[in-house]
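What follows is a structure written as structure tokens; I'll ask about it next.
So that you can tell them apart, the chains are marked A, B, C, D, E and F in the order they are listed, and the count of residues begins at 1 in each.
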Amino acid sequence: MFNESGAPTASVKVVEEEDATGRVMETYEDIKRTLGIDFVPNMYRALAGNPDYLEMTWQKVQSVMGEEGKLGRQTKDIVALTVSIMSGCDYCIGVYNDAVKRTGLDDEALLELYQVIDLYSGLNRLNIGLQTKKDEKRWHGCGGGG
Amino acid sequence: MFNESGAPTASVKVVEEEDATGRVMETYEDIKRTLGIDFVPNMYRALAGNPDYLEMTWQKVQSVMGEEGKLGRQTKDIVALTVSIMSGCDYCIGVYNDAVKRTGLDDEALLELYQVIDLYSGLNRLNIGLQTKKDEKRWHGCGGGG
Amino acid sequence: MFNESGAPTASVKVVEEEDATGRVMETYEDIKRTLGIDFVPNMYRALAGNPDYLEMTWQKVQSVMGEEGKLGRQTKDIVALTVSIMSGCDYCIGVYNDAVKRTGLDDEALLELYQVIDLYSGLNRLNIGLQTKKDEKRWHGCGGGG
Amino acid sequence: MFNESGAPTASVKVVEEEDATGRVMETYEDIKRTLGIDFVPNMYRALAGNPDYLEMTWQKVQSVMGEEGKLGRQTKDIVALTVSIMSGCDYCIGVYNDAVKRTGLDDEALLELYQVIDLYSGLNRLNIGLQTKKDEKRWHGCGGGG
Amino acid sequence: MFNESGAPTASVKVVEEEDATGRVMETYEDIKRTLGIDFVPNMYRALAGNPDYLEMTWQKVQSVMGEEGKLGRQTKDIVALTVSIMSGCDYCIGVYNDAVKRTGLDDEALLELYQVIDLYSGLNRLNIGLQTKKDEKRWHGCGGGG
Amino acid sequence: MFNESGAPTASVKVVEEEDATGRVMETYEDIKRTLGIDFVPNMYRALAGNPDYLEMTWQKVQSVMGEEGKLGRQTKDIVALTVSIMSGCDYCIGVYNDAVKRTGLDDEALLELYQVIDLYSGLNRLNIGLQTKKDEKRWHGCGGGG
């Protein structure tokens, strides 16, 4: 339950892999196999105190993220990172900064992503401050021609 | 300065197209030509009270969004929409919901995007509440195998 | 309780000025006299269902905002507007866009304020995304020399 | 790329001062000279992987913050700090808590600033919860007489 | 797809009740029966363009909110309203302001809830600004004795 | 002013208990007695540089949280934790995760609380993205029957 610095892993007691039984153990095995890693991330170990919540979360994650869908895996990971940055969730930002690198973004592309987030975080607040009214005609974003 | 409902267009006096001169007029023309629309959106008309700010914003937008870059235009528009939803900027959400449709997302794909935003907005708060500590090993996001 | 559009003024029943008695009536009178207006704003009328909360809020507002202090009235109003824009509270943004104009900001200065908010909303997200570590030495902000 | 605690400085590889060449080196020199410091802050070193983004950011910062304008330097720094606190950007809060002290705010004034932020963060949520409708007449903020 | 004011119900085409077939129709029926209402709320009608997402959302909602659990229904509704106010989701705030009234909160209790939200939204920002370090000993919140 | 790690306790100089005099000392004593702890939390020690703000905060906290009211103490603590999680205030989340445990929530109940926060943080963003219009009839939340 405590990591090397002596701080607890999470606000609830985590279920260690060696203590997992039944449904929790099966879900742990499925997580490791599906994600291709040899450990269960802290988030899932913290959820295991409520096996229903653990299972539901893992199924939802697989259903939403595990399939290509219309957006494609890389785009979904980019959106997941963007949402995490906007929410200010340090744990999730760390995981998804790594995730998008693995799906092919190099540092230059990652900075390009931050630049879009930077630009729109600014323009969003500008328009919230301006209380800009909806335009009478439709347009299609700030970016581009044709 | 007032739209049909009698409410002001923005918290500052906007510069109407017919009143624009000099640099503001040139920027207005460039905006319409580049975006392929026959009007100047309210956001830019509100900025025109400060011509430097108008120009700087328009140049930044073109520089960040007008080029393909490594991410590609559609991905950038998707990120712009995601940021706007996370900021809660109604004006921007309206513009970018339209924008991503024009770059090729149908309603099914748009719902898929909202689903990723929905999922991670939830997981972000979960981990913020849990105060989950960084994992001792790296992993690569919730989505995927291999 | 309903305004002209038929929508309720607030999620709780407001106490109209003509129905106010006792402490609520006295607070209403004090609000109008102190703010130099001839009506009780909707926010205070909504709070009146809980006279203690109404009084505590009004006293707090006067204590924090009613005195010059070290920051000065105009700076405090600018901060109040900035906070309201960052919180996305449309009601409050409307009130404080008007408030800073009365304390002396013209449209050009208001756009200058939005520009600072725009810039830092962007840089904040950039650094949250970058997970930038604290610098080893102190510095003093992005703005200035000497 | 790693600081004393062994954690990376940022999510992308930073460009150390001794490795900077060409435009990046020039921008680094300009940053140090203009800000009057003898090191390049982590934020700028992380941006250097994309020299265009580095230059554009540095120019924008100087343009917005480097001039007095109508608001004045101290007010701009106060707004920058307020925005950073509302965004929850720990890196930026640290920098701007120091910045406003250098432009003349002592601890008493800083607490006064936090008090205004505290008050309006609360009132903002109150009105968002109440779904308070716009008042039929204008008023000018919670603070003041006359 | 358009409501009385001529604005679309949502950013995607909604599936009207009379057009629903198969799984969507069954889910619509289940929603109305379970919630005890004679119409399908706009949120669910908008999701129906993606039947999997509709079903998954409805099942999750029932699983999380439909059971008493350890917290109890009223507390869960209060938390749902609090989250909606903090997210600034006007649609959800409207629904849950009504929901908590039905589970027994009168206007006085609702104002008490807003007061707690007001207080902590303020204290949260204060501590974020102060960058307050964790106390060396544990304590148990601001509220109470013993 | 510095804790064991060498980092300052807060952005302003804190008033240590042994240095407190007059009103500050009395407030310190009252805090410890009322909260049943043998130390003054960092938040209050940081406020003491402005004795009026310290007193006002402590009185407000007691007034809002110290009484049962219509909501009850446990519910108020749950709301305080929920608000802190939504604001992303790490200091406050730590304090209130402990607080709700002391008022009777075990790990299972705490996970149940996070699950409600997770669900609605997601649904909120979904509806913000959908720009869902208000339903023409009232309903009473996602949770429940009859």
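Following the convention adopted for this analysis, a contact is a pair of C-beta atoms (placed from the backbone, for glycine too) under 8 Å apart; a residue touches a chain by one contact, two chains touch by 3 or more.
This is a predicted model, so every value here is computed, not measured.
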Any chains in contact with both subunit D and subunit E? A, B, C, F
Where each step is a move between two chains that touch, what is the least number of such steps from subunit E to subunit F? 1
For subunit B versus subunit E, which are copies of one sequence, does the interface use mostly the same residue numbers on each side, meaning over half shared, or is it different? different
Distance-maximising chain from subunit C - centres being C-alpha averages: A
So what's the Cα centroid distance for subunit A and subunit F, whole Å? 26
Let me have the rounded angstrom distance from the C-alpha centre of subunit C over to the C-alpha centre of subunit D, please. 21
Residues of subunit E whose C-beta touches two or more other chains: 11-12, 47, 60, 83, 86-89, 93-94, 97, 108, 112-113, 115, 117, 119, 121, 123-126, 128-131
Among line, ring, star, complete and other, which one matches the pattern of chain touches? complete
Give the list of subunit E residues in touch with subunit C in this complex. 88, 93, 97, 107-108, 110-112, 115, 125
In their shared complex, at which residues does subunit F touch subunit D? 11-13, 47, 49-50, 53, 83, 87-89
Give the list of subunit B residues in touch with subunit A in this complex. 3-4, 7-12, 34-39, 41-43, 46-47, 57, 60-62, 64-66, 69-71, 73, 75-80, 82-84, 86-89, 91-92, 94-96, 98-100, 102-103, 105-106, 108-109, 112-113, 115-117, 119-121, 123-146
If we count contacts the way the header does, which residues on subunit D are in touch with subunit B in the complex? 52, 56, 60, 63
Counting only contacts in the complex, subunit E reaches subunit D at residues 81, 85-86, 88, 90, 93-94, 97, 113-115, 117-119, 121-126, 128-131
